[in-house]
Amino acid sequence: MARFIKKVSAKAGLPPGTLVHIGERMAEKVAVTLIDYDSDHIEEREIIDVNECLPFKDTSTISWINVAGLHDTELVESLGSCFGLHPLHLEDILNTGGRPKIEDYDDYILVVLKMLYLTDDSDEIAAEHLSLVIGKNYVISFQEEYGDVFDRVRKLIRNGKGRIKREGADYLAYLLIDAVVDNYFNVMETVGEAIEDMEEVVMGRPGRETIHVIHKLKSDLIFLRKSIHPLREVISDLERGESDLIRQTTEVHFRDVYDHVIQVMDTLDTYRDILSNMMDAYLSSLSNRMNEIVKVLTIFSTIFIPLTFLAGVYGMNFRYLPELRWHWAYPVFWLVSIALAGMMLAVFKKKKWL
Amino acid sequence: MARFIKKVSAKAGLPPGTLVHIGERMAEKVAVTLIDYDSDHIEEREIIDVNECLPFKDTSTISWINVAGLHDTELVESLGSCFGLHPLHLEDILNTGGRPKIEDYDDYILVVLKMLYLTDDSDEIAAEHLSLVIGKNYVISFQEEYGDVFDRVRKLIRNGKGRIKREGADYLAYLLIDAVVDNYFNVMETVGEAIEDMEEVVMGRPGRETIHVIHKLKSDLIFLRKSIHPLREVISDLERGESDLIRQTTEVHFRDVYDHVIQVMDTLDTYRDILSNMMDAYLSSLSNRMNEIVKVLTIFSTIFIPLTFLAGVYGMNFRYLPELRWHWAYPVFWLVSIALAGMMLAVFKKKKWL
Amino acid sequence: MARFIKKVSAKAGLPPGTLVHIGERMAEKVAVTLIDYDSDHIEEREIIDVNECLPFKDTSTISWINVAGLHDTELVESLGSCFGLHPLHLEDILNTGGRPKIEDYDDYILVVLKMLYLTDDSDEIAAEHLSLVIGKNYVISFQEEYGDVFDRVRKLIRNGKGRIKREGADYLAYLLIDAVVDNYFNVMETVGEAIEDMEEVVMGRPGRETIHVIHKLKSDLIFLRKSIHPLREVISDLERGESDLIRQTTEVHFRDVYDHVIQVMDTLDTYRDILSNMMDAYLSSLSNRMNEIVKVLTIFSTIFIPLTFLAGVYGMNFRYLPELRWHWAYPVFWLVSIALAGMMLAVFKKKKWL
Amino acid sequence: MARFIKKVSAKAGLPPGTLVHIGERMAEKVAVTLIDYDSDHIEEREIIDVNECLPFKDTSTISWINVAGLHDTELVESLGSCFGLHPLHLEDILNTGGRPKIEDYDDYILVVLKMLYLTDDSDEIAAEHLSLVIGKNYVISFQEEYGDVFDRVRKLIRNGKGRIKREGADYLAYLLIDAVVDNYFNVMETVGEAIEDMEEVVMGRPGRETIHVIHKLKSDLIFLRKSIHPLREVISDLERGESDLIRQTTEVHFRDVYDHVIQVMDTLDTYRDILSNMMDAYLSSLSNRMNEIVKVLTIFSTIFIPLTFLAGVYGMNFRYLPELRWHWAYPVFWLVSIALAGMMLAVFKKKKWL
Amino acid sequence: MARFIKKVSAKAGLPPGTLVHIGERMAEKVAVTLIDYDSDHIEEREIIDVNECLPFKDTSTISWINVAGLHDTELVESLGSCFGLHPLHLEDILNTGGRPKIEDYDDYILVVLKMLYLTDDSDEIAAEHLSLVIGKNYVISFQEEYGDVFDRVRKLIRNGKGRIKREGADYLAYLLIDAVVDNYFNVMETVGEAIEDMEEVVMGRPGRETIHVIHKLKSDLIFLRKSIHPLREVISDLERGESDLIRQTTEVHFRDVYDHVIQVMDTLDTYRDILSNMMDAYLSSLSNRMNEIVKVLTIFSTIFIPLTFLAGVYGMNFRYLPELRWHWAYPVFWLVSIALAGMMLAVFKKKKWL
């Protein structure tokens, strides 16, 4: 559950615009890397002092600054003032509890989204807060931790493969967002397989722990929905190309990403329906089991309780109890008992209880 | 459940635009067939080399190229470059996990939809990924497997019946889509009959396996919804005729297809309501059954437990137990027992338990 | 359930535009009647040959052609070619499984709707497929069976009462649609009374068959919704008067019909809420009953089981069992038994089980 | 339930425009009263003959004609023809089963709404059909019964207090509608208190009748929703001031009424959520109770059934049953019994059943 | 529950525009404070006579008048007439049962919203009615009680920190609203932690009181939704900047607040989903528990009831009962008993009941 709540108390009572990192510190040290490229050259280096970034802001080459780790608010602030970012947007970058959003400001676009991954024990789905600042010739990406989702983009740049070197910052941003969204499918696949497994369990022999697994899966879906749903509108805004920063040739690519997001949402809805269907099956299987148990109890009781009474009767110590002295009383008792039991069984058979 | 998830792992880490066939290989060999016709002539042949298609692109005759089998990505790629298809659209054609969509690009329209059919054992509903590229004078259809849904269109062309020979590529596309949508009704009919059968079972004597069948039917509906729902918007786009490739005279036909899709969706909603209604009836029938079973147990127990106690009392071996010596004790015991049982039965009768 | 599915298999594999009657043949023979009138004259006759209709198409008098019975596709086809109806619209007229729709074509409007009635045993709600073709000076109505819903319109024309003789074909169409919609209220009233009856049963002493009746009522509502809901949009289109064929003075009348449809839909929603509320009450009444039954069982068992044990103890045949020889053992046994039972009853009283 | 259905059979088969009063006759005699005022004078009188109203139609003074009782259709008809009301609107006025609506006609606005009140035994919520015809200088109100909701408006006019005397007919209409809507809050308060009472019962000791009360409350909410919901759109139309009859200064007042309606709807939604929450609590309280009852049964049974068996064993009459002759057998029996019972209790304690 | 209903009876029958304080009197005495500032000076004082405010209305300095306590209707009225507030708006200010709304009037904007806080025992969420009147150079805030949510704004003004001194009344209003909305996050955090706690309980060992806590949490969510939901539209209106009183530079700030409100609503939805998921888990845990209990009962009964019968048989006093005299009868009895019990246990093991 902890993933649903981010402590905001740290910020209580502070005026708006005060930069506070909300969330857990996930990286030891903040790592800032820069990749600067155009069709001819490529330069990669680690940034120690933020001011090194400044010259790259207005060059015609494409610069990608990646910040991994958000707890160093001063670093973020000075980067922000370098690139003229609005203080409220810096707050959005630092607030890891915030939801995906898009802000089309003066000369940059801020895109906030969630990177999803499976924790190492591969059992829990977690989300990482990711912000992209898309400028004319630069993209700044802020992430909580240095991860490998962006590796395929780095490779593309290094290899000079694909159209990337001929395209602008908007195409770079597209590649980054596409990498994040593509990763959603992997997460969805894992969830889907878990649901598939459960389906067989529920249709077979559900046990007590079944409900816990269904509960967890539902919980995962709620978390995924919360993380992904607002992205739809964000990408839709990018795709409609209302900003000058997104060129028309890139719009078709964002439209493709948009389709992927829609497909993820669709799949989430389908999964939710499947789980709810499964829940119904589980509950009625509980009811069915209950019926079966009580049926066994009832069959045994209704057969033996009258017979026990009868045995009790002839166990009575009345002085004048004529049957006790009859010679065939005992065999007759057994005959009667068996007949009664048989009748009961016949009735149950007719009621389809057996 | 497997039909709900398509393995996307194959594509993990690849840059966008890389063509990968996602899904199972359903045809042994990719079969490419061409039908070229106008009001005067008709030519049908199997294509071995994709370049044979090239001359048909710009002729005034209508050409229909049908590709059955999607695993030969190179073939799709070269066909794509022949006809100038966008790489992202080729990805859509190959990704059998994608959802129905429409893309109105430079000089062609891409329509992606799902063909539905019953598997041979007629028990499972499956979907096939179908893509249509509608150009000025040509239609390219990509399907996973060579099927017979399009046979009626082939016949129409061969017989020269109907308006088809006087009409353009848009009308051909309409006929293909119409054939697919008409087939939905057959699938719906099968589902409808299964629901009808279940209704009788649930209202009659539902058993343990009933929930499994309801579960399967609900699962089918979820699958159908997922496959058909997005088509609504797709056809609506075609029908509004925003593209030059769809002529006004064809719009009324697409409107008809649109109505059919709406009707299928309507029927799906109705089926879902019927199933949910059925589920309620099933669950309360379980409760009713439970009540009945427990009632039998209670009636037997409440009648015989006190009597057994009484019999137990007179089975006690106390030296001073006056009743034991009474002469009429035994008949009185029976009288009392029968009276008690009768009273209980009267009470149950009054409670309407009997 | 059969009313929810219409066999479409008959049409499988046929090209679009092929006329096939989908549905059951409800009338023995197709009856075509004509009423032609203006403010001065009125002419009524039965039509044998469809070509007799032709001259009435372009006269300034209002002609109402009523076709009862849909299985004679040739007749419909020739009537269609007389009046220039689009083949797809003829299909709509013949497909009794189709949903209500409106088509505003070149020089006529096609309105498809459902006439609702109670079957003769007054237990089942059924729907009849009705299509109206509204032209400049004529209205053609296609129904499955000759019924008496339109009698009030026929009377109005014959009596020359009302504004009908001064008005045009649009007003005639309004009268026909209004007659159909007014009839919905009668059907709704019947359903409403059945719901009212059930409400008393559920609040009183619901039995096993209660769920069957609720199920049937819900099923009826689903059917009504399916039949009426799309009409809303149809009438809204007519009322907004986008076609030249509907004059402004008639729009206020269609607005009135629209209000009636909305009211029927509103009532359907209310009924659905009432039924779902009833279902909740029914289910918790089942639970309550169960509690009551089990309570009786528990009270009897917990009182007598310990006592039976005690009786069993003093029925043991141990040689050294001191109590057996005590003089007051038996009365003490009874005292203890009664005291135990009394204590149990007191506990149950405190728990409010009694 | 009767309040949900109005008999419409009376109207079956009649042509549109035929005036029939649908609903119960609530007033003995139709009472028509007139208040005519401007800033200088005020005149109040009872109207015997409808034609007395005629002169007031076109005077510059504001005239308010109130008709209490709807069964005299002739009176309504002649009033209608006096003021030029459309026959369909007269039908709306007389059909007490109709829903709230607004009709902006040539030179008047018809507003239909529902007045809500508690029946005298204060247990049932009922609705009265109210129609307002708002003209340039007059307002005609039709109600089913003479009530006291409008008294505060009458007082305002008589006292000459407030802005009323300087304002027009639209302000008078606002005051009447405001009086009706304000009264909704009183009804809501009563319902709210009943819900509050139930909440305590459900959280405390719900009994068998609890579900009946919840059912009734839900039923009330359905009725309130049905009566009030359509009003939202009605007032919204008035507030947007599309008619010339509503002056701009009055719009801000209608906006206030609109806010009140929204608030009532909001509260209805909140109540519905609270009731559904309560229902969940009630159902799980039933389950909990069931568990508790069965737990008691199980504890008693599992403790005493084995012991009874043991006692039965030593009650057997086998000739060779060695234990019977042991000297300490009886005390050992008790020790074993108590030990077994203690063990069972310990197990139950561990399972938290105790 | 009391928080859901505000007594409106006090107002019954009064004409619109009559000022009545609806709600509880929360402050002993009404406290009116004034802060007047521009970039150069700052003046703070307590207001005794409302007329002292008048001169501040039209000065170019920014004046913030805070009214804590709403029961002094005369004070509110005279303040209203000082600043030209519409009587209906004064009603909105005094009606603490009203919902959040925005009114864009002649020369001021009225914003009504709810301040949320935890009651001192920190167990209950309560709401305070807050109204802001935003004029050209002044903001008047009406609250029910003097609280500390605005303290951070007061500090900002006093310290001259931030942009506040250079900005206008719209920025002051933004700060006040932002303080209120930021506080929502604290309330949400408390609720979230309570939900987290419950999740562990439900997944662990839910008891009888569990449902009470879930019920309370749901109730809290309903209350939060009711209080916050309408605010969304209110802030959206402010952010779209349709009023001249909100300058463009402030719009980006309101957009930020809007995002916060959306996030709160999102979180509420997520919480609701989590609770509903939890409820499902709780109910099926009840069913599971029931199954377990009944299973124990059934196992014990089905094992011992037949054995007890057998013991009863050999406790019978028939004279001719051959087994009684067999030498090995007793050990055989035990063997049979143990064998029967073993068989039953084996069956239960196979059924997975053990």
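We call the chains A, B, C, D and E, going by the order they appear; numbering starts again at 1 in every chain.
Rule of thumb we're sticking to: contacts are C-beta pairs under 8 Å (C-beta built on N, C-alpha and C of every residue); 3 or more make two chains touch, one makes a residue touch a chain.
As the structure is a computational prediction, the values presented were derived from the model and not from experiment.
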{"item": "Chain labels contacting chain C and also chain D", "value": "none"}
{"item": "Chain B to chain E, fewest steps along touching chains", "value": "2"}
{"item": "Geometric centre distance via CA averages, chain B-chain A, whole Å", "value": "26"}
{"item": "Distance from chain E to chain C - Cα centre to Cα centre, in angstrom", "value": "41"}
{"item": "Residues of chain D touching at least two other chains", "value": "283, 287, 290, 294, 297, 301, 305, 308, 312, 315-317, 321"}
{"item": "Chains in cyclic order, anchored at chain D, direction fixed by chain E", "value": "D, E, A, B, C"}
{"item": "For the chain B and chain C complex, residues of the former touching the latter", "value": "151-153, 156, 161-162, 175, 178, 182, 185-186, 189, 192-193, 195-196, 199, 203, 252-253, 255-256, 259, 262-263, 266-267, 270-271, 273-274, 277-278, 280-281, 283-285, 287-288, 290-291, 294-295, 297-298, 301-302, 305-306, 308-309, 312-313, 315-322, 352-353"}
{"item": "Interface residues, chain C side, partner chain B - complex", "value": "1-2, 4-5, 7-9, 11-17, 86, 88, 91-92, 97-99, 101, 103, 105, 205, 208, 211-212, 214-215, 218-219, 222, 226, 230, 279, 282-283, 286-287, 289-290, 293-294, 296-297, 300-301, 304-305, 307-308, 311-312, 314-317, 321, 323-330, 333"}
